[in-house]
Amino acid sequence: MAILVNEKTKIVVQGATGHQGQFHSKRMKEYGSQIVGGVTPGKGGQMMGDIPIYDTVEEAGADASILFVPARMMKDAALEAISNGLSPVVCITEHVPVQDAMFIMEYAKDHGADVVGPNTPGLISPGKALLGILPPHIFKEGSVGLVSRSGTLTYEIIDEMTKGDIGQSTALGIGGDPVIGMDFISALERFEADKETKAMVMIGEIGGDAEERAAEFIREHVSKPVVSYIAGRTAPPGKRMGHAGAVISGSSGTAEAKIKALNAVDVPVATMPHEVPEILREML
Amino acid sequence: MVSKIGVEVIIMKLLEYEAKDIFVEYGIPTSTGYVLEDVDNLKAILYKMGLPVVLKAQVLVGGRGKAGGIKFANTEEEAVQKAQEILNMKIKDLPVKKLLVSKPSQIEKELYVGFVVDRNKKKMTLLASTEGGVDIEQVAATAPDKIQRLDIDPVIGIQEFQCREVARRLGYTGKELRSLASIIYKLGRIMHDKDAELIEINPLAVTPEGFEALDAKLIIDDNSLYRQTEFKKDVKDTQEYTDIEKSAMEAGLAYVELDGDVGIIGCGAGLVMASLDVVNHYGGKPANFLDIGGGANAENMKKALEIITMKEGLKSIFINIFGGITRCDEIANGILEFKPSVPVYVRMMGTNEKEAREILNNAGYELYQSMQEAAKAAVEGA
Amino acid sequence: MAILVNEKTKIVVQGATGHQGQFHSKRMKEYGSQIVGGVTPGKGGQMMGDIPIYDTVEEAGADASILFVPARMMKDAALEAISNGLSPVVCITEHVPVQDAMFIMEYAKDHGADVVGPNTPGLISPGKALLGILPPHIFKEGSVGLVSRSGTLTYEIIDEMTKGDIGQSTALGIGGDPVIGMDFISALERFEADKETKAMVMIGEIGGDAEERAAEFIREHVSKPVVSYIAGRTAPPGKRMGHAGAVISGSSGTAEAKIKALNAVDVPVATMPHEVPEILREML
Amino acid sequence: MVSKIGVEVIIMKLLEYEAKDIFVEYGIPTSTGYVLEDVDNLKAILYKMGLPVVLKAQVLVGGRGKAGGIKFANTEEEAVQKAQEILNMKIKDLPVKKLLVSKPSQIEKELYVGFVVDRNKKKMTLLASTEGGVDIEQVAATAPDKIQRLDIDPVIGIQEFQCREVARRLGYTGKELRSLASIIYKLGRIMHDKDAELIEINPLAVTPEGFEALDAKLIIDDNSLYRQTEFKKDVKDTQEYTDIEKSAMEAGLAYVELDGDVGIIGCGAGLVMASLDVVNHYGGKPANFLDIGGGANAENMKKALEIITMKEGLKSIFINIFGGITRCDEIANGILEFKPSVPVYVRMMGTNEKEAREILNNAGYELYQSMQEAAKAAVEGA
């Protein structure tokens, strides 16, 4: 099972011929992802190793897309993928203007497409497919679904999980920007529906109220165990902690509020990252 | 966050007078005046403007009124004296460098009008209230029914009729409704045209002459710099940041200044935040947040060390790297290029960890494998 | 029955306080239309005779709207009506920019609203309601539905019908502009579904292929008798005959082609306007 | 149709060189040159441009090539002689007043790219074909599969990726695909930004240097004049219309010149068209189409009579009024204000018909009640 992407998903890489695009196309393909082609307008007809490059998405015959295009081209490229019926559309690129992100998300909603990101490491269904820039060797096939607002912190926790022999069904980075496509709720919803997934990890951070809303959702719709970690317990208000979305505004967006909301719906929140697998083990 | 393009850095927040210039450009009735950096020309300005005047510190931090950054003056002497006082002030550690001199308005009522980016709805959202002049979050908490909201479809954009509907729901009718709707519409256009993250008129005063924007807040989305070139500024010319923060910006590193003495460098915002939390957990006080980002190289690491050691009172440094795309050996080489005067505790894992270990061990650094151990050591070493 | 508008339809007049708006608000109300209010932003709170004036459409509590606003304000005003769930939205004003018309029609489609016009005399369901500028005294309640691209030509034919004792269920002007809301097909579809309507009259003119497409539709979906008249049999190509939409471009848009298409689906086309009631009588 | 605002009238069609100026502004590679009204400066221009040159009559009617309005010249003498020839020409009765001198392009292939307003889809639609240089309707009739279409969502607007998709479907790839897509996108932007009804590059040439717009057609939506002020022109300065047509425009009346001798005035486009048809039916030949519009007044009617009698060879006038909003007595008074030298046959019905009848009977006009009778009388009286 796994969610969003599996060994059958045909993937096109938009912005494939750039530095990042080349490196990760190769890496995803090596992992076993079905990369059916790359897209770089103006470079159609070339081969990048054994990956054919196209001018347009419609030529590639893909199901899903991952985008490494420059931020200023993200809107047009994402609309192209969505307009061609692809889903998920994974936007790795950071620094996408928020108005462009909003436009993309509205367009995606109208077309029924899932967008992941922007500013996300992407996702992986271990043993099946990698659709992102996550380091695949730290993952292990299994039954815990993970969704996170952070990249390296996810790796930290995944590494501890894998070392503790807790494998993952799918791990998904939703991105650190204020306006993103898939959020905690849409990921939790799919993990809940996925037969292979037995428990979930949700890695949050300060800023916004996505974790609070996720807690509401868990109360109503999630029967499987959920463990959480929230980064930024000691972050000061008013400062952007690296991610554009990680900022406490006034009294909203604090780790405290998020932890309280999660505890209220019986979701344990680890104090330190390495505690996540310990708590998971107890709950599984 | 701050984007770096060459040596130019986007400064996202505009000063009151800068935002007001844009309001005027869009035809929003606005209380403007003269901007001063010293009191030399104040008398000449008073001669033109007449008295009384209101003097407002031009700073990017909130709470300017409470800090004494807004003063009224009825005579020339009073104006000069108070202007000098304001220009000598520091508000939340930032020196006041500019002053706006305006005519006081005859305020009958204060409204609030602003647009924000609503993360959940993924839309720009209008907030408008007849309870202006105070923090809108406070109104939202105490009298949520006093706030009118309007979500703008990102594909269709704001429409004038929507603004009229909001103005009516705020209780206005006739000519006033038209004026208020027009202000809301123009504000929405600025939000869109200028790629703003936030735009606010608080208060929007009702005066005998009609509506008037008394204050102005405008934050530009730094990711839009490439198309919002008018907001590009050299970081050196800004007021918003400390010297260390400015150096970090120039180096393209995400840096936040904190109160403690344990310097923290990591890769990836989430991991750095977690590092802060772990240091705190062990009783330490982080001196900063410094994210070298994913895929950083030796040069980034060296710069990070240079910047972090600018901080006074620094006692130890905790470097936390999880090598996913980032290569640990590359980072290790960067660490060797700058030798801080305080002890450095390095935790590295992941890609090329072994090579990194060898490099650092040869140079006399100890390497930790777990985040907790390294954090604990850094706290104890501080 | 009748289509689109009847004695129960609550109507708001946008642009009610202008010269045209005032005149026709009064006239429609006198005819018996339920005019619940007028809208002129900035004039809310006034009374125009016994019609209350509002600043916004949402205050009026109407089902349908008729617009007399200046052409440059049509887009905003029409979107307001559509956004408030009103239908039909009848745009009387002429000279609306075609890009604005296209935007309105797309927006209306997304919201499921019927737009009539722009540049239309509107519609009337004789004896029930007038939602337009048509001269009501020439109409007579009855069972023939009429749809037309032209104003005065419609009056000409209606007058002959009424004099010949052939009444109308609803008569609808769809407007003379190239881009309009309701077209022949949507009107014919409703007349076909309306139990009161026994036959239909379709008054076309040169330009476009609305009549040809209507003929296609009639072949497939219309069981009731249809009589037609096409104006501009002798119009030269390349010239706009008064209406922005009435132009023969190259070989397309000729009256000849339209008549041929209609005859092919057994729709008789009158040679002169006064023949329409004569043909109708034979068919009823 | 033509809108009148003051004495300014929108001229919807742009001349080739005017449209090309806009292409250049948008960065579309375009074959441009110098515009002349006489041959005085031609030699100096040839000195700058070099030889050979192509000379193109700047007219608003089609078929310029067949009429001899495009000529090539290899020598200076030839150029001067042919330029003079063109400037002395009339194309479809309109004198050539301007000439565009360009360098001939090395044409490898000719494409067609254009946007139209699709009435049925209610969208602006791109048409593009590798079969350029001929009438696109001809291609549509003979080889419809050679035309690529793309509908633009009026709310979302044209997107660059769509243009790349079209370029690919036309068989292009790589760099050429990018160039062609960029031209299509810019053309779509002009269509939108300038409120065009039609925009066309035919042919879009493939040359050794890349794509190049050899011809340009641009028709602006006259209803957008209030926001497309750059296209406002005094009707006197235009080439497209005859003197009578210009007078009608200035009076705000819809007028079309025809070949016959029965002048026709009516209210409402449909009724006037029907009047033409009826006159034809009775063997008459209409001299014109003149619509005074719904709700016309006496002054409109008087003007209509003045304009219609400017036509040479006019033998009778048929006035056909159905008074809905239009008041027949008002029209009758207008008829009395101008006495044409040819017989006038008036048919009036509807609002205030009785009063009108009295007014006109007193002045010696006969009034008909049916359209057919009046038309028949006007044909017989011609």
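Order as written gives the chain letters A, B, C and D; numbering starts at 1 within each chain.
FYI, a residue touches a chain if its C-beta (ideal position, glycine included) is under 8 Å from a C-beta of that chain, and two chains touch if they have at least 3 such contacts.
This is a predicted model, so every value here is computed, not measured.
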{"item": "Chain separated most widely from subunit A, comparing mean CA positions", "value": "D"}
{"item": "Result of counting contacting C-beta pairs for B-C and A-B, higher pair", "value": "A-B"}
{"item": "Averaged-CA centre spacing for the pair subunit B and subunit A, given as whole angstrom", "value": "27"}
{"item": "Between subunit C and subunit A, distance of the C-alpha-averaged centres to the nearest whole Å", "value": "52"}
{"item": "Distance between the centres, which are taken as Cα means, of subunit D and subunit B, whole angstrom", "value": "55"}
{"item": "Sites on subunit A at which at least two other chains make contact", "value": "107"}
{"item": "Multi-partner residues of subunit B (each touching 2 or more other chains)", "value": "155-156"}
{"item": "Chain contact topology (line, ring, star, complete or other)", "value": "other"}
{"item": "Chain-to-chain touches, reported pairwise for every pair that qualifies", "value": "A-B, A-D, B-C, B-D, C-D"}
{"item": "Residue ranges of subunit D in contact with subunit C within the complex", "value": "1, 3, 117, 119-120, 122-124, 135, 137, 153-155, 192, 195, 197, 221, 223-224, 226-227, 254, 256, 258, 266-274, 276-278, 280-281, 286, 289, 291, 294, 322-325, 349-351, 370-372"}
{"item": "Sites on subunit B touched by subunit C in the complex", "value": "156, 159-162, 164-165, 167-168, 173-175, 177-178, 181"}
{"item": "Of subunit C, residues touching subunit B in the complex", "value": "41-45, 55-59, 76-77, 79-80, 83, 107"}
{"item": "Contacting residues of subunit A [partner subunit B, same complex]", "value": "71-72, 95-99, 101-103, 105-107, 110, 121, 133-135, 138, 148-156, 159, 176, 178-179, 203, 205-206, 208-210, 213, 229, 231-236, 239-246, 249-252, 271-274"}
{"item": "Subunit D - residues contacting subunit B, complex", "value": "155-156"}
